[in-house]
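Two complexes, one shared chain (chain A), two partners (chain B, chain C).
And now, the complex of A and B:
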């Protein structure tokens, strides 16, 4: 199976663990990932006011490129990219005026091939036919859990993992339409399929503090503390995330959390794809574990998750 | 909380502008407070999300525009998912930020990030932060 895959800015730079583990896992599932040629940043934030319409141009440009390459599905792993691409796509589908305006912006687009210096100016307009899927949705609907279970090479022995949805994947529900925003199950089902035991806890869809962690670190420290404490209290040995920013707040902030809250005990944070890649038999060195500030090596050991003999 | 009521053209214009920018009907709000109850940043705010909506309903632009709350909203949409009247409060917050003096200072600019921190921050956080809080 060949599909278009949009990594987004952070996955190519600061959080390569998510990109690398996604690629390795997909290789094991015979899914070929193709990046849309010349993709750019999606803008990270979906413009929430009617007048900031130009913020839709970047995500629609990416989708138009997928259309040009003949793709009908675009898969992302980062929740921010997922939200921006999906909402932008829906916005121009629902509103003919936005559709017209954005395509008018993009008509004057110029693309220069970095190797041949060839200029391309003549673009077809984006018709709104590319489906934006989160990798979790893709694994459930297009790959299927039975196929994942068939190919598992390691037994994770029901490792208790707390799924953390964060803010962007589920809300606003009428636009994202992924799962119930107050009682989601998508991530839990995925973890069970991989061989973990999903931990149910009340903070799985609470905010980690998002970009407030830069402008007011103390507030994000407290928000992250609430999430992690809740996960630990419910018996989790690790928290699984899908978003590089959630990862930053929950993982890199743990030193600050320890300083602010004396009862806090650390907990490793992992990407959902690292668990999948490991369970599918990918080598530990290819999981990008070096980027974790709270060591997660212990979760990925031969002892705790032995190979299953067929 | 004590406020001084005003009624005039400026007030009506403010309300109209917020509704136009956000696409939300702020008068649907009946002050149940579920947005504030679920808000992860509520403890840091000087005005709670439902109070912002109430002040917008009354057209009290000065009180709303100088609130710290505008720059504490992380657009996590928890309020949106819980509002029984379907108001997307994050959109109202964005509309208010949009109205703030366009020639004014950044609420949070690149200069405020220490260089050693900038090294370790993911790109995503910088892009989203400046999109929200800078001019």
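And now, the complex of A and C:
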């Protein structure tokens, strides 16, 4: 299976663990990931925060490129990229005027090559037919859990993992339409398919502090503390995330949490794809574990998750 | 009648109404009257500020007499409003009421246009088309039909009981159908009732007994209405009798069967907070006083499998071979009193009602408060039986949320939440009661005083704001909300949470209403014929509504509405005979080929095929004059009275000329 994959900028810079583990896991599942040629940043938060239409050009340009390459699905892992691409796509689908204006912008900037000043004559409008899927949705709907289960090479022995959705993946429900934001199941079912036990805890869709980490670190520290405390209290041995920013706040911030909250005990944070790759038999060295502040090596050991013979 | 030549030119009078500025503001009414003055067939034309007023009607009556008019056109509002008024005026003047035509130049013209010139031209065309039709109108007489003076009540809650009793007291027979094993409805589950705090069971059970003993009320519990055919005054009802597997008359309530029954299941009367056996009595005062065997939970209605209850029954009341049967009844009117249900807690995932035992809905808390409830009226939380040290009450759980849930107000929750909080403070004096509210709505006699008492005497803490999330930490529920008066987030620890869930249409009632062809509003509540002036009648003649089937309401209002519905049924039954509109669609036998298309088109089952003659025949009483058959008939054999093809085409010609 060949599929368009949008890693996003963070995965190419600070948080390569999510990218490499995704690639390794997909190899094991015979899914070939193709990056749209010349993809740019999705705009992170900005396309959604301003009413200006031009902000949508960045995400739509990516989707138009997928269309030009003949793709009908674009898969991402980063919750932020996912939200931006999906909501930008929906914004122009719902509003014919926006659709028209965005294509007018794209027509100009794609027709003229900025380097060679060469004019392209054939411009294909973005039709709004590319489906943006989170990798979790892709694994559930296109790959299917039975196929994942078939290929598991390690037994994770029902490791109690707390799924952390964060704020971006489920809300606003009408636009994201991924799962019920108040009682979601997507991540839980995925963890069970990989061989973990999903821990139910009330903070799975509370915010980790997100960008406030930059301007008001203490607020992010407290928000992250509450999430991790609740996960631990409910018996989790690790917290699984999908978003590089959640990873930053929940993992890198644990030293600050310990300073601020004396009762806090650390807990390793992992990407959902690291668990999958490991369970599918990928070598530990290829999981990007070096990027973790809180060591997660203990979770990925022969002892805790032995190989199974088919 | 369509191909008859017009023998003598009719003398038609035209009356154009201003409706204040409603019409005259946009349509030049004087010009309309003037332009039509010399139009073929029109012998008189005028305009007047309010045609529907007394002087307006008198003008119509006088003009008919003076000018010897034999056709009238009133250009005014929609015929749904004043057609009857002017038909009556015509009758008083000695003219056949079916010679009245209403040309709608308000709803279909002045209200929807802004350009005066074009609206006036349109009004002229509308009126001309009605002149064309009026020239061909015939004198008609209403079809007379007898009334069957028996009423069917669907639903045995407080509204159904009240309506049944009132109608029976008027001297008419009543059949009361209740789908559950006992009458009593939701009200019998309640503890105290606001604002007087009288015990709900104590005030309802006398009514239940009275209904069950009333000589003119036939009580059919554990029955369901299967279908209704016929028309106002003459309905035929098929009622499903569900097998109770216990002979009502033989059962002496000794209770031995219940003792030996091995099947323990969740008790719906106690909202799942207690258990009952598969053979059970819903509650001690149940009427009829008999056990019921619920086949779904029984081990198999088979003496080989279990048969314990049958063995111990001295009276031989238990009969595993009972089958579902159909009862047929004939009635003249139907009161729909099907009640309500609560919005499911599942829909509010963030409140955890499905996950945490100690998050309960209002009805569950009623059972906890009730002296006949699982705790005997002591307030204990469901998870571990502990007396809750603090309870948070969340009003508007699902109500008044246009974006995610239900846009309407459930009306009773403010009052019953105040009552819940007050009862809790009375029984657990050192308990902390906190109420989250959007506004407190206490419209009703002595309601606000009750609420003030809750706040001031019983020291219940009211926080204005919504709750965002409820979750459990250890043994305690954490409630997150906002206090919108201070603008601060609040976090409250509670042992129990009571959600005042929104009221919704009764579960499964939509199928029944569909069968009865009763219209509902977008939320599935039964629609009234007019929101202000006909609040207890359905648009479907012969159907009346009472209680929460029509929308959320409290007990006093429900009782008032039930009595009103009963009075309306009395109006109907007091008539010697009913008249049916004569504008039906008869069949011209000579033209009918018996193709049967009209029969498939008819939504009222008014048309059948006469196999001997090979033509369609019409039950004129069932025909509602919708015209579907007339439009579909390929040969023109189906012609609606005073709305014939000929008339429709002449209207079109009049409108399209120029």
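Couple of notes before you dig in:
In the analysis below, the second predicted complex is superposed on the first by the 291 of 310 C-alpha atoms of A that agree within 3 Å, B and C clash if a C-alpha of one lies under 4 Å from a C-alpha of the other, contacts with A are read in each partner's own complex, and residues count from 1 in each chain.
Convention: contacts are C-beta pairs under 8 Å (C-beta built on N, C-alpha and C of every residue); 3 or more make two chains touch, one makes a residue touch a chain.
Being a predicted model, the structure only gives us computed values, none of them experimental.
Put chain B and chain C next to each other and count what each touches on chain A; the higher total goes to B.
Judged by the touch definition given at the top, the superposed model places A:49 against chain B, while chain C stays out of reach. Once the two complexes are overlaid on the shared chain, A:167 sits against chain B while remaining clear of chain C. Once chain A of one complex is fitted onto chain A of the other, the partner contacts of A:233 are limited to chain C, with no touch recorded for chain B.
Residue contacts after overlaying the shared chain place A:8 against chain B, while chain C stays out of touching range.
Once the two complexes are laid over each other on the shared chain, residue contacts for A:182 go to chain B and to chain C alike.
In the superposed model, A:245 makes contact with chain B only, not with chain C.
The residues of chain A shared by its contacts with chain B and with chain C are 182. Residues 8-10, 13-15, 41, 43-45, 48-52, 55, 78, 80, 167-168, 170-173, 181-182, 205-207, 209-216, 219, 222-223, 226, 244-245, 248, 252 of chain A touch chain B in their complex. If you check the complex, the residues on chain B that touch chain A are 20-23, 40-41, 43-44, 71-72, 74-78, 80-82, 88, 90-91, 94-95, 98, 107-108, 112-113, 117, 120-129, 131-133.
Chain A meets chain C in the complex at residues 180, 182-183, 202-203, 230, 233. If you check the complex, the residues on chain C that touch chain A are 348-350, 352, 354-355, 469, 471-474, 478.
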